[in-house]
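Lettered A, B, C and D in written order, each chain numbered from 1.
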Amino acid sequence: MHEQMPAPVAITEIVEETPSIRTFVFDREIAARPGQFVMVWVPGVDEVPMALSSPSSITVQKVGDATAALFAMHEGDLIGVRGPYGNGFTVSGRTLAIGGGVGVSPLLPLVTTGQADTFLLGARTASELLFADRIREAATLMVATDDGTAGHHGFVTQLISRVDLADFAQICVCGPEVMMAAVLAILDREGCAERGRFSLHRYMKCGVGVCGSCCTDPHGLRVCRDGPVFSGDILLGSEFGRYARDATGSRHRV
Amino acid sequence: MVTLYPGPVEVGGIRLRNHLLLAAGILGTTGASLARILASGAGGVVTKSIGPSPKEGHPGPCLIVVDGGIINAMGLPNPSAAFTEELAALQGEPVVVSIFGGTPEEFRTVAGWFAGRASGLELNLSCPHAEGYGAAIGSDPALVEECTRAAASYGVPTWVKLTPNVANIGEIGAAAERGGATAVVAVNTVKAMRISTALRRPVLGNRFGGLSGKAIFPVAVRCVYDLYEACSIPVIGCGGISTADNVVELMMAGASAVEIGSAVIDDIDVFSAIAKDLYGPDGVDAQEIVGCAHA
Amino acid sequence: MVTLYPGPVEVGGIRLRNHLLLAAGILGTTGASLARILASGAGGVVTKSIGPSPKEGHPGPCLIVVDGGIINAMGLPNPSAAFTEELAALQGEPVVVSIFGGTPEEFRTVAGWFAGRASGLELNLSCPHAEGYGAAIGSDPALVEECTRAAASYGVPTWVKLTPNVANIGEIGAAAERGGATAVVAVNTVKAMRISTALRRPVLGNRFGGLSGKAIFPVAVRCVYDLYEACSIPVIGCGGISTADNVVELMMAGASAVEIGSAVIDDIDVFSAIAKDLYGPDGVDAQEIVGCAHA
Amino acid sequence: MHEQMPAPVAITEIVEETPSIRTFVFDREIAARPGQFVMVWVPGVDEVPMALSSPSSITVQKVGDATAALFAMHEGDLIGVRGPYGNGFTVSGRTLAIGGGVGVSPLLPLVTTGQADTFLLGARTASELLFADRIREAATLMVATDDGTAGHHGFVTQLISRVDLADFAQICVCGPEVMMAAVLAILDREGCAERGRFSLHRYMKCGVGVCGSCCTDPHGLRVCRDGPVFSGDILLGSEFGRYARDATGSRHRV
């Protein structure tokens, strides 16, 4: 147990990525593996988990108190970060990445380090497609939008039939849980669930594997420490895609 | 180092697989997580503290890792009565349900939900960072006695967990014993706080919190030693344990069993790691060492 | 990190060369040793606690070094009135004489020996390991008030040093203030104990002792924060300080100055080392940061 | 501050060196420089400083409670030791050692490591000469006894005139303080006080430089941490040879 107080960082740049998503760049580089996250302290409000979209940035969708408070911040403002935490993605061989919504954020470091070969990118609508340009530079990009304003008209899961899963040593996935559960169902059907790498979201309070708020059924795996990335075979038959616990520990359907 | 003979033990009316329990509030939110810790070598587990109504807990940060310890102010998040569902898969296992309330009546209510559904109860009269709960009650001997009596009225094994943040912990332990506790557990966290000098504000969302981990081990030894003299019911030691030698030390101070919490941060398999060092076929009976430092 | 503008300061009626004092009982037995610490950069020094009659202290071991701290049970060894000789060479220096007694009358007696012979007094109402002295008195608000009043009757600056081993330190600080304290000092050591598992007995000759050093820093922050809200006299922070950032953190919690003890074990020149980091020509006035974490 | 709890050691051998001095050998080697000491915990009695006479032994004169309790112990009994503490002797070039009584103990490691060339050994009477045989094996030994039962009849200090001080890069001294003060006076007279290395005794409670009980005038030097070995020039004009403090901190003539 060495000291891990939140490191104060100043916001140096705020990038409007989509109408609902912003990247906050800060003045410190955090050495991390793709898919690792930090606990972001928004002073006076809350502390929430956020994937690192680069060694010195998080990319955030406004969904509630803490994220709204972040959106109200300016360059020069201070926040605290502790981490990096979690296992992150470990890849070898060819990688297929599948991302939806702000879930693309933890996948971006795979792209920027040249570890993603093909990327299936989904969003509600064209303007919400996250990091499309940066992905296109480094990987084969395929796009889907729910409303058909860009790429395939429909869910990103439907793009999977257009690639040959046998081509990839692993399939790294992050996005809304229903989307990820649909991907897992496909991989399972194709007999390659164990090659899926799913980055989970669960309510996190400590981030370091102690408090128990992110534990999942049936193995008691901690998303913050044993995850957030789990291979598909471990998730089969689990709570994944079915329910999750809230801040009180009560279960809710996802 | 002295080793102990392995095998089940009974402490304060509860039968455990060995002397090592998971402490309350550590990975204790779900049945699956409790089962995981049991499977990895714990002799028993204590759940997250459950109260009279669902609580989300304090805003974050809820926990900071400091040199030699952890400071937390979770704020007792819990699903209240719904927690009974988590226990379903743990029937027959050595599970102690930690409960809290703001009044003796609340303790009675919550105890009623779990009495008979687990091996026993542990009363959290010691959480230092939840207004009106825990240590707010636990530093008043009369209230401790009343709350204990209310929960113990169900006739199930009732452990009472004490706060070190009092001038005389022995006095509080004696009050719990009078109220019908079958064991006392010492200690909960030590009141503490850190401030971010860069952000010029307390780090924890709740400002105050409680220190646990190695830093408080000498405090735990002291409290267990005091309680062993003040009480005739068993004492269960807790606070900063991370090695088998720590367990032996707390036992010599007077602990009949121990609870381990923060050490899971370094190794979630700390229970099997400690058990490996602590138990051996040539080991002595724990009775031979419990309290021996008082001679 | 924020830096402070260097220069003398006045705290609780005592003029110091900077914000960093040597804590009581650390290298405070002889005038020469106090002079050495002043020469090496301390802004002031507090002496060993002096009582109504000479004491040899507890049998050894009197001190053990543990992970992140020190546990001591010196037992208040002191030469009593003869200590005045040690002060002879320190006239005009920022020296605070720590005193203790078992009753208000004893405090009055001992205070009388030193009133006017030093910059001020610090009342040790907090030593956790001397029967009938220190914390035995310091956890009773009425006694704290009376002892403070007795010593403060000489009209010299009177600081009162508090124990963290109470349920509510703010209440004790308020009592000291009512008694006429010009500042409160927090904290003394945290009650603690270690047992040798090989020898099966407590290590300290006195069995019990008090924990100091880094391990208690979060406890000190918490106590200073509480006292800053409970008192209107200045608070002097103490406990586990080893860096300039620790000093700033305690100041933000509410400390107007700090005392440093155990850190001399790693570096006897810790005062100049910290001063080097803490002070700078572009530094702010300490007033700007004292208590700022309460905003 | 890393943990320095007293290490439990078992007494494996008790050697009667003289009628009043015994060596206690224990089952642990403590890596130390010659002249360093340990705090010896005699359970239930006290903890007292003792020089290491070898990596695994202390050599003790019975003078009071703790030493009497040690003398009452048997092989197999447990004591605690913490340390090594203090600076010890650091020597280079030829060394003259001067020891009196049990003060020979901290000098023995100099002898056994071949770092003492000439040794002036004093005692009250022949039977109290400590380690004479072992010193004779490794260094030029000269002996004095107060009662003349062996060697020079008189004080060990009188042997100094028989050696050429100029021959030695340092003179390491340990014994009763009056004897050491007499040596310092001679060295001072000969203009070589700074080559003297005196191992001091002061009342010690912590052993680690914190409590202040061993502090000396006028520099506030801590015998346990800045010493116990001081060079003669630092001791000139100090309390050395004049007074010392007891357990309460009160001064007494030595």
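The working rule: a residue touches a chain if its C-beta (ideal position, glycine included) is under 8 Å from a C-beta of that chain, and two chains touch if they have at least 3 such contacts.
Labels paired with UniProt names: A, D = Dihydroorotate dehydrogenase electron transfer subunit; B, C = Dihydroorotate dehydrogenase.
All values reported here derive from a predicted model rather than from experimental measurement.
Chemist: Starting at subunit A, what is the smallest number of hops through touching chains needed to reach subunit D?
Modeler: 3
Chemist: Averaging over Cα atoms per chain, report the distance between subunit B and subunit D in Å.
Modeler: Going by mean C-alpha positions, subunit B sits 50 Å from subunit D.
Chemist: Would you kindly tell me how far, in whole Å, the mean C-alpha position of subunit B lies from that of subunit A?
Modeler: 35
Chemist: Give the residues of subunit D that touch two or more other chains, as numbers and ranges in rising order.
Modeler: Expected reply: no residues.
Chemist: Note the residues in subunit C that touch 2 or more other chains, in rising order.
Modeler: Only 66-69, 194, 198, 201, 214 qualify.
Chemist: Are the chains arranged, by touching, as a line, ring, star, complete graph, or other?
Modeler: Topology of the interface graph: linear, an open chain of contacts.
Chemist: Can you give me every chain pair that touches, using the contact definition above?
Modeler: Every touching chain pair, ordered by label, is A-B, B-C, C-D.
Chemist: Show me the residue ranges of subunit B that touch subunit A in the complex, using the header's touch definition.
Modeler: Touch list, subunit B to subunit A: 25-37, 48, 54-57, 59-70, 72, 74, 77-80, 82-83, 85-86, 194, 196, 198-199, 201, 203, 205, 213-214, 261-262, 264-266, 268.
Chemist: Quick check on the complex: what are the subunit A residues that touch subunit B?
Modeler: Listed in rising order, the residues of subunit A that touch subunit B are 1-6, 8, 39, 41, 43-48, 78, 80, 82, 205-213, 215-222, 225, 245-251.
Chemist: Hey, which residues of subunit C end up touching subunit B in the complex?
Modeler: 1-2, 66-69, 71, 135, 139, 165-168, 190-195, 197-198, 200-202, 207-208, 211, 214-216, 218-219, 221-222, 225, 245, 248-249, 252-253, 289, 292-293, 295
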